[in-house]
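One chain, subunit A, links the two complexes that follow: it is found with subunit B in the first and with subunit C in the second.
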Partner chain A sequence: MTARSATLALLAFFVATLAFFWFAAPRFATAGNIENLMSGFSFVAILAIGQAFPILLRGIDLSIGAIVALAGMVAFDLVLILHWPGWLVIPAAILAATLAGALNGVLIVRLRLQPFIATLATLAAYRGLVYSISGRQLVPGLSTTPIRDPWITGLESYLDIAGTLGLSDLITLPWVPLSFFVMLAVLAGFQFMLGSTRFGRDLYTVGGNVEAARLAGIAVGRVTIVAYALSGFCAGVAALLLVARLTTATEALGTGMEMSAIAAAVIGGVSLSGGIGSLYGPVIGAFLLGTILIGLTLLGISQFVQQILTGGILLAAVAYDRVLFLRRQRRLTANLGEEA
Partner chain B sequence: MSEIESVGAHRRNFLKSLALGSAAVGAASAGLFTDVATGTIGVPAARAAGNIKMAFIQWQPHTVSSAWSKGIEEVLKTQQTVDYRLLDGQNKVEVQVSLMDTLINEGAAVIFLQPIDSVALAPSIAKAKRAGIAVLTLNIDATEPHAAHVEMNHYFGAMDIAKALGDKLGGKGEVAILNAPPGIIIRDQRTNGFVDGLKKHHPGIKIVADQSADWSRKKAQDVATTLLAANPNLGGFYGVNDSMALGAVDVAKTKGLIGKLVIFGNDGEKDALESIEKGELTGTQYTDVYQQGRFAAAAATVLASGLVPATAFKQQGKLLMPYTIATKETVASIQPAQRW
Partner chain C sequence: MDTPLIRGIGLGRTYGALTALADADFAVMPGEVRGLIGSNGAGKSTLIKILTGAVAPTSGSVEVKGETVRLGDPSEMIRRGVACIYQHSNLAPAMSVMDNIFLGRQPTGRFGRIDRRRQRADAQALMARHGITLDLDAAVGTLPTVKQKEVEILKALALDARVLLMDEPTGWLSAADVVRLHTTIRGLKADGVAIVYISHMLDEIFTVCDTMTIMRDGRVIAEAKVAEMTRPRVIELMVGEKLARDSAAAARVPRRPGGTGEVRLQVRDLTRTNVFRDVSFDLHAGEILCITGLIGSKRTELMHVLFGADRADSGTIEVDGRPVAFGSPREAMAGGIGFVPEDRHRDGLMLGLSMTENLVMATLSRFCRALLLDHRAIAARSTRSIAELAIQPPDGTKAVRLLSGGNQQKVLVGKWLNLGPRVLILDEPTVGVDVGAKAEIYAILRAERDKGAAILVVSSDLEEVMTLADRIAVMVAGRLVAIHDAEAVTMARVVDEIGGAA
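Here is the complex of A and B:
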């Protein structure tokens, strides 16, 4: 099964899930609900896109939740303490997140740390850093002050497509949140990079076989650092969308989000054994998780059951990935055997 | 009207007037469920069709919130016309926001909310208000005005704790505060009330330390040990919650200081009351949290059955819970059924 047909299979499963809840769950099939799905899970999709890069390199980035908090707090401090204008805050927060991601890459490359260990360490370190720079604690009163900068709050706006096209008398379409378009832009940009640039090819090569890549003259270290920086970049973008949605940042922001992002990426067919997968899969994976969570809530099913089910789906996805991996290996050995 | 058509009705009506929408839905479903009548005179047509929905979004599973939920459920069940459920915020603001969106879309009549953060949930509360949904917050207020806030009497209760603690110390000596981490309103209320209470009733008592023990019994044991070593003349502890006060009790036990140290907690949970009966913990502020849930549910029921929309409020309602300062002398008055 090729990566493309795996994505199509996932898409079919997603559509089937949507269809199930469309008819089974009360008030699932409403414009408002689709809006909620888009605004509530676009940032998860962006995190999943970011997570795909380390996983493509057979690595993992556990620190993205903490990077979300870090970028969020940088934005919080710059707006509420230093009174920077929003158009400066946005790139600054994303830059901070990208640097935090790049540092992960540097630790992995220069110190030859396992990605799991390196990002587990920075997960703790970045979270501690968030507490120490938290404007909520440094300046009394800021913990109850919302962010009102129009550049930032503007990220949480909605587009009335039907109204713009003059169709609102004929059909009620959901208002599409800006965060959804941001997600589409991130997806388009990075998918192009993966599919059509030298860097993309190098990334797949390194993920598939590091030694071969090194022998082929690819700068493995640089590719790795860039991959983790991209993961940080995505966490920064997601953080800004969250800050816009919440009108504040908290120290605990993003806790546990790495789990959702990794789950979405793996469900999306990005192979844990590296080198295989596209960015469409993680996005579909994120919205699949969102659909299931919202659908089950509307059906009145306990959230503990929801968490168990999410775990079950993740397990199934990992098992499926393993099966594909073993099948590829068998085919490879068979081919080698034929040649010999 | 078939299910799909009625779903279509939902979609078409969503972005137009919500009032118009709910009336149409009400009329549509009134045709579907012929009057199995509630027996009440003058029940509006829209209501006769089915039960109204209320939900409580808690912070995370905890003794306090589950006791609230029990109290809420007791009252709502009796009404026969309310479907109630408890939803778990998983200690994550974005989960609470997503659940708020889902409940707004579902057309809940009332949302009970224990916000994780006062600012982060404000946009969701505003959204609920626009949809005519009454939001009642429990214990932690939000910066966006809403229907009502029902809280344990944090500030005035802490003043009374200061008075009782000072009385036990004979009006002089040194005390330390085992505090919560900053950034949450109730921490400030419970601390400021204590500080102001000492100033007012016992100006001779000095606060020599105010340290965070993260709400935790374990952490409080470490902090209390350090504080005792650093302040040999320390006469007492005030734990901002019972867990931290009980941590100080643990330390007092191992050091043979029971009876010598005056230790007060706050909340009044079962373990604390038992510790007071055993003569270990000196006292705590006890609130009947079942009752707090019942009060919130009573207010909600009156609003919903009186068809009072969220927008009818000129300003936010507020209800402070009655409390007892439980000490060895008064603890017996708290009945087993009131303990949580």
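Here is the complex of A and C:
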């Protein structure tokens, strides 16, 4: 119940922010800008959904930026060097990303590494792997060849909803990028899994009280590995959207995106102390972040200041999460004291 | 004779040098309620953990209905119908009561979707059957502890277990709830469930159990029908003849309630909101005051306030007649309070460092000459401590990690004695310490007392309290309910008071 009201509060804050920039920032309230916001932050939202799984387990996945680059480069190589058809490239790239995520999980479970350390190490390792498999380095000339496969470029299309519905004479609505719908599909699928299946409940249990989960016979290791694999899966989906947009992949693709994804997830109310949060929050968090960044750009505030602000927003979200945690702790001790 | 529903054969478990359980045989028949009793550290919890699969034994085997089972795997034991109500909460606090009852086993329909309607109906039927009322949609973390305990009980009952283990199930329950739980137990017994009931409350054992197993120092000491046992005999078995003799001997050591009469520590109306309230007592120079009570009666929390790790909301503390308000353990140490924590591994010792380093750790500033440490003086101090405390082996360079539990504890006590505190507080000083080392630690504390030290000991081990204390204070649920002269009170009386019966 409280989780739902927290999501509603976040949604209200998002709408208020949107309204502020709508009137305050020049050219914010244009169809083109809203298209930018949707296409530019749908993949951040997908990454944030993925990031929610490790965070629900009190972990973190720092390697998603590198996994984005890895999946992107796999797609690049398969299309431009091996000339695979797009319908085969898409699942292959996502599979590569999912396996990279699962490997994170295996390292954490089998070697009992701290998630922070394990994914910091794979962040470097995966990025190195990207360079070593980079078609841009292996085959001279490819770096300037765009990806033209219709399956992949098709991901970067826009749907004229208003036009289809015959409303375009009355009102100018933004065209909705396909990536936005991909994001909605990912959200719907994973939220169903998290909220309504036993695996989802098990995930919350492991995140909330790992010992209780173990004693209830839940396979804690398997849940953990799957959570990191899902984070990788989401990074793979995001990578394809990015590659479609850029019509190429670079070795530096996705650099620093773990920051935005973690920020969006935490702003979205996924608690760093584990076991609390839904996937709606991270999606709203991602678009809130996008609204603020684009709004500030339109207000003419420098890129550097924006980076400071992103850090500041993350700090504020983490601090707020901490406050909520301490409040829960206090309530717990208050309950213990009731018998006195 | 039938096959036992659950049976442990030759079970043993060691943790490093410590033997928690040795060669224990244990069996429960269908429809039998077996009490499992023994002092802290007797091995009851280890035995239970082996039976639930939470811990794998280092030796022995477990049979359920005559079949040997895979050990150390909770899901295997759950599948075979072994459920447990744990002493400490094993719930996911952010999840609903309903989800917690069916943790990891929610009924599912198509596509793995959880069947909420069935889950709710099952939960309601379960609550109706056992006379428990809970808000199924409330997050468990928001419930009071009593209600959480009820969730824990329902969770175990929901398994339709053939074997139900209960580790101190009544620790948080009111008298009326205990009666209801006992009614439930009798119902389950009539259905042929095998029940293991751990409790420190002998009253409960004698009320609800058919048979009992008594443990001491990691071994099964005796098995008997409840009807054939008497309380004094049970206590004697629990404690062991040697300790009974020691404690008889200790009873002859003159007690010194009130010590020298000089008040070292005066506590008045000390309250920490929702934790403990109105705690008042005096601690004199030259006496040992033991504070006893159940786990969760807030003794440790009280010590944390005395030691400056937490703050009181009201009330006063005076050391040597001067009011103090310590904001941190550092201030408390400077103010003459020493605190030997309960968990020596986590809070007290640097296991990788040598005995000498541990012994002088808190007092290094005394060994400074200019900016350098005077290693000769440190070695001399350490050698003296080791001799005084009879630490084995007497080698200051040895890493503390390599010592036995009892000797580690002596190092920890020595570290604080070197500080020469006005008041020395010890929290459960002999947990995980063997009987011989216990007696030595008692002797050390008595010697300090005779030198005029004021010593405050928190202990759940009643034998320890009866042996060591000059005066005994009893804490129940955040209140100090009684203070006795140790000579003038019986163990039975203290047991009653601990249980809140007084």
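Operating definition for what follows: the second predicted complex is superposed on the first by the 337 of 340 C-alpha atoms of A that agree within 3 Å, B and C clash if a C-alpha of one lies under 4 Å from a C-alpha of the other, contacts with A are read in each partner's own complex, and residues count from 1 in each chain.
Assume a residue touches a chain if its C-beta (ideal position, glycine included) is under 8 Å from a C-beta of that chain, and two chains touch if they have at least 3 such contacts.
Every value quoted in this text rests on a predicted model; they were computed, and no experiment measured them.
After superposition on subunit A, the partners subunit B and subunit C are seen to fit next to each other with no clash. Contacts of A:S196 after superposition: subunit C is touched, whereas subunit B is not reached.
If you stand at the C-alpha centre of subunit A, subunit B and subunit C are 130 degrees apart, rounded to the nearest 10. When the shared chain is aligned, subunit C comes close enough to touch A:Y204, but subunit B does not.
Within the superposed three-chain model, A:I276 lies in touch with subunit C and out of touch with subunit B [touch as defined at top]. In the superposed model, A:L70 lies in contact with neither subunit B nor subunit C. Contacts of A:P146 after superposition: subunit B is touched, whereas subunit C is not reached. Within the superposed three-chain model, A:A48 lies out of touch with both subunit B and subunit C [touch as defined at top]. Legend: residue contacts after superposition of the two complexes on their common chain; A:E156 is shown touching subunit B, with no touch to subunit C. With both structures placed on the common chain, the touch criterion links A:A264 to neither subunit B nor subunit C.
For the three-chain overlay built from the shared chain A, the minimum Cα spacing from subunit B to subunit C equals 37 Å.
Within subunit A, not a single residue is touched by subunit B in the first complex and by subunit C in the second. By the touch rule above, subunit B contacts subunit A in their complex via residues 3-4, 7, 10-15, 85, 87-88, 90-94, 97-99, 101-102, 104-107, 116-123, 143, 182-185. Considering their complex, residues 52, 54, 74-76, 78-79, 84, 86, 89-95, 99, 103-106, 108, 111-114, 137, 139, 141-146, 148, 172, 273-277, 296, 298, 477-479 of subunit C touch subunit A. Against subunit C, the residues of subunit A that register as touching in their complex are 1-2, 192, 196-199, 201-202, 204-205, 207-209, 211-219, 271, 275-276, 328, 331-340. Touching subunit B in their complex are the following residues of subunit A: 23, 26-27, 29-33, 36, 39-40, 43, 134, 136-137, 143-146, 156, 160, 168, 171-172, 175, 242, 245-248, 250-253, 255-256, 293-294, 297-298, 300, 303-304.
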